[in-house]
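Both of the next two complexes hold chain A, though its partner changes from chain B to chain C.
After this line comes the complex of A and B, so read on.
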């Protein structure tokens, strides 16, 4: 398959701070997930491939054309930025239609495309409200709408699921998958592994400005599986639950957090642990108040992998 | 050309709605309120009436020429690029098939037109109120037209200059205030050719050389340029600074801070 987005030895510094270092990539049609903890360089990479910033070293091209100051390229690119910034005094409708005007569509085309995009993100009923009055989720959906309204072949999404409720997330994920089936190229960034996992198997792991790993999600999953995982459980009988866990091979440590009044369980097989958990609650008639994973974030995984 | 037209329509819609525009509309109408007060005091006072056109001329010189058009051009001109950077909305414009020059020119035109409308409305209403008794005098309308044209040229020129300043400097407002109320207000009174390094010199060259008003000292100039030269210079300054702003905005890298 031909690469749509290509980078060669791409590097970017912000003064003395390294943003991205020596990134050579080829992104083909389909969904590519860009995964990394906050500050890893994901946004820098997306800004470089959308021509918002210039590389210090290296080249970036879309369909073989340079990106920086090549504005004609953007008729086929849609970009959803991470920052929550808008022309606050505009209504949702004005925002989308005015941005569509910059694509030089006819007035009737603008109306049709704006209506379609706002309908897709379920903002049709609120399109005449000023953006300032929108909730966080609505603002996020509006950003998505402006990125897809002109029907681009290449869609670049920087943390598109931030601030969305579970239903909103599912809807956007479904949409992204639909775009993939239409043969478009989609690049999605996130710092949440399950989000990326729900969209694609093709991922790029980025950390401290460098490509840490790339390929199939199963490879990354295998790496993560071996990472000891701590789960915090607040329930009615923590000591009884601790007793049940202590006999399991996949549990390496069980201890209590007196401050939070929680049971902490360290496991090296997260999937088996979570598969067993509901049955333990039911069989022992334990009421659950809260289950959290203090180290269930990508940074912890990266720290573990790098340390390894 | 089409890109510029689309950018103009985008920002003309937006700018009409922002709070800044409402505040500046109010500011440009302050002389109208003043004119009403003056007119009422003339009607109810027994003292000798001062000619309306005399007060109008002083108002144009003291308020519009030396203050309002500078403030409007400063705040709108610098915001052509700075509001996109500070509001982090630049991304929405630069990921469209429009050149960066079209963004600058389109925003410049929409802001200049808007500020000209604001100023013209204030000037026309002040004129009508102050000259209520002499509205049949045709020569007064010539003065009105001339003043509106000079203020329009002033806005065109200053806004282009401040658009350039906004693309090059981060703290453009501070520099603009120093330029407007320092350089422009001081250098214009220097003898010789030094005064020709100000924009206001060319604007004042388009106004009559003598004034009998209380603020006649503000019109003081040693060597007024001819009308042709003054108009040429104002158009040249506008074109040069706008071209520089486009060039800089195209090639400069703006990093939106997270």
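After this line comes the complex of A and C, so read on.
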């Protein structure tokens, strides 16, 4: 498949702070997930490929054309930023139509395109309400609407699922998948692996401004599986539970957190661990108060992988 | 309220052509102020009230032009579209152009035309053929300067009130500082600190009048052009699609 977005030795720094370093990659049509902890350089990468900032070194091209200062190219790109970018006193309709005017469409085209975009994100009934009265999910969908309203071939979404409830997430994921099926190129950034997993198998791992890994989601999953996982359990008989865990091969460490009054178990086989856990509770009549994973985040995985 | 000076000056032009009808209002021979000539135009364009009204327009109509976009993170959406930074800035400046031209270019040309209509001849044009050009150049210079001045200040902060205070404060305090330093050192060169005094100096030259300050007018022109160029340069640097947090 031909690459739509190409970067070559792309680097960007802000004063002494490195934003992105020596990034060379190719993005093909379909959904590509950009995964990395906060501050990894995801937004910098997206702003470089949307032509909003100029790279210090290297180049970005879309369909073989240089991006920086290539304004005509921006008609092919839809960008949904991470932060809210609304004039709160505007209605959803005004927001979308005003941004469409910047594409120099005719008035009737603007109306048609805005109508269609708002219908896709299921905001047609609320289009005349002021944005101030919109819920978080509606705002995210409105941002998505402005990104797709001009019918772009490339859609760049910066943390589109941030702060959404499960229903809102499902709606946005469905919309993104629908656009993928139309053969468009979609780049979605997130710092939450399951979010990306729900949309695509193609992912790019980014950390400290560098591309850490690129490829199929299973490869990343495999890396994560080997990551020793810590589980915190608050229960009625923590010492009894600790004794049971000690005999298991997949448990590498067991210790207590006196401050939280919790049992901490380190395992390198998370699936087996969680499969066994309910039976241990039931057989030993242990009442469970809370089960958490203090290191179940991407930062911990990255820290582990870098150390490795 | 901002159009009061224009209306007064227009009425003055009418009366100057119908002096015999208004003779009962005039004491003795005090009609010199109704003599419509380049001084009459210069007085209109450089009077303190008109300049103050322009500043008030900038405060109310110009302060939020860029600062509101910054506040609402709108620039990243604008510049992700086929919109050039130059077009964005020109669009913003057009708002200021519109309001300031209503106070400068439009009344200036209307005065000129009405003078000839009331007189019923082209004698005034024949006497001062360069006057329309002076009106155009002065209006363009003043509008360009105030546009760049306002847009730069508007791009500094996200709070339009703070920007409004800056627009008003810099204009007023530049004049106050001139007054203070002049009071201490008795040198007219301190008028170069004042935005108002520099505009009045250049205005006087463009209308072929004696400058109000005993300072070479070219210095004032250079200061106005310098501030405009610096503002333009800084605007280009400051207006970006993304906020860079270092």
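In the analysis below, the second predicted complex is superposed on the first by the 251 of 308 C-alpha atoms of A that agree within 3 Å, B and C clash if a C-alpha of one lies under 4 Å from a C-alpha of the other, contacts with A are read in each partner's own complex, and residues count from 1 in each chain.
Note that in this section contacts are C-beta pairs under 8 Å (C-beta built on N, C-alpha and C of every residue); 3 or more make two chains touch, one makes a residue touch a chain.
A quick note: this is a predicted structure, and the numbers were derived from the prediction, not measured.
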Between chain B and chain C, positioned on chain A by superposition, is the outcome a clash or a fit? clash
Return first, second, both or neither, reflecting whether A:144 touches chain B, chain C, both chains, or no partner chain. neither
Given the touch rule stated above, what does A:72 touch, chain B (first), chain C (second), both, or neither? both
In the overlay, answer first, second, both or neither for which of chain B and chain C A:94 touches. first
Is A:179 contacted by the first partner chain B, the second partner chain C, both or neither? neither
With both complexes superposed on chain A, which partner does A:17 reach: first (chain B), second (chain C), both or neither? second
Shared contact residues on chain A - chain B and chain C: 14, 50-53, 71-72, 74-75, 77, 79, 81, 83, 85-87, 99, 102-104, 146
Can you name the residues of chain C that touch chain A in the complex? 68, 72-74, 76-84, 240-242, 244-246
Contact set on chain A toward chain C in their complex: 14-17, 47, 50-53, 71-72, 74-75, 77, 79, 81, 83-88, 99, 102-104, 146, 150
Please name which positions on chain B make contact with chain A in the complex. 2-3, 6-7, 9-10, 13-14, 17-19, 87-100, 250-251, 253, 255-256, 258
Okay, in this complex, where on chain A does chain B touch? 14, 43, 50-54, 69, 71-75, 77-79, 81-83, 85-87, 89-90, 94, 98-99, 101-104, 146
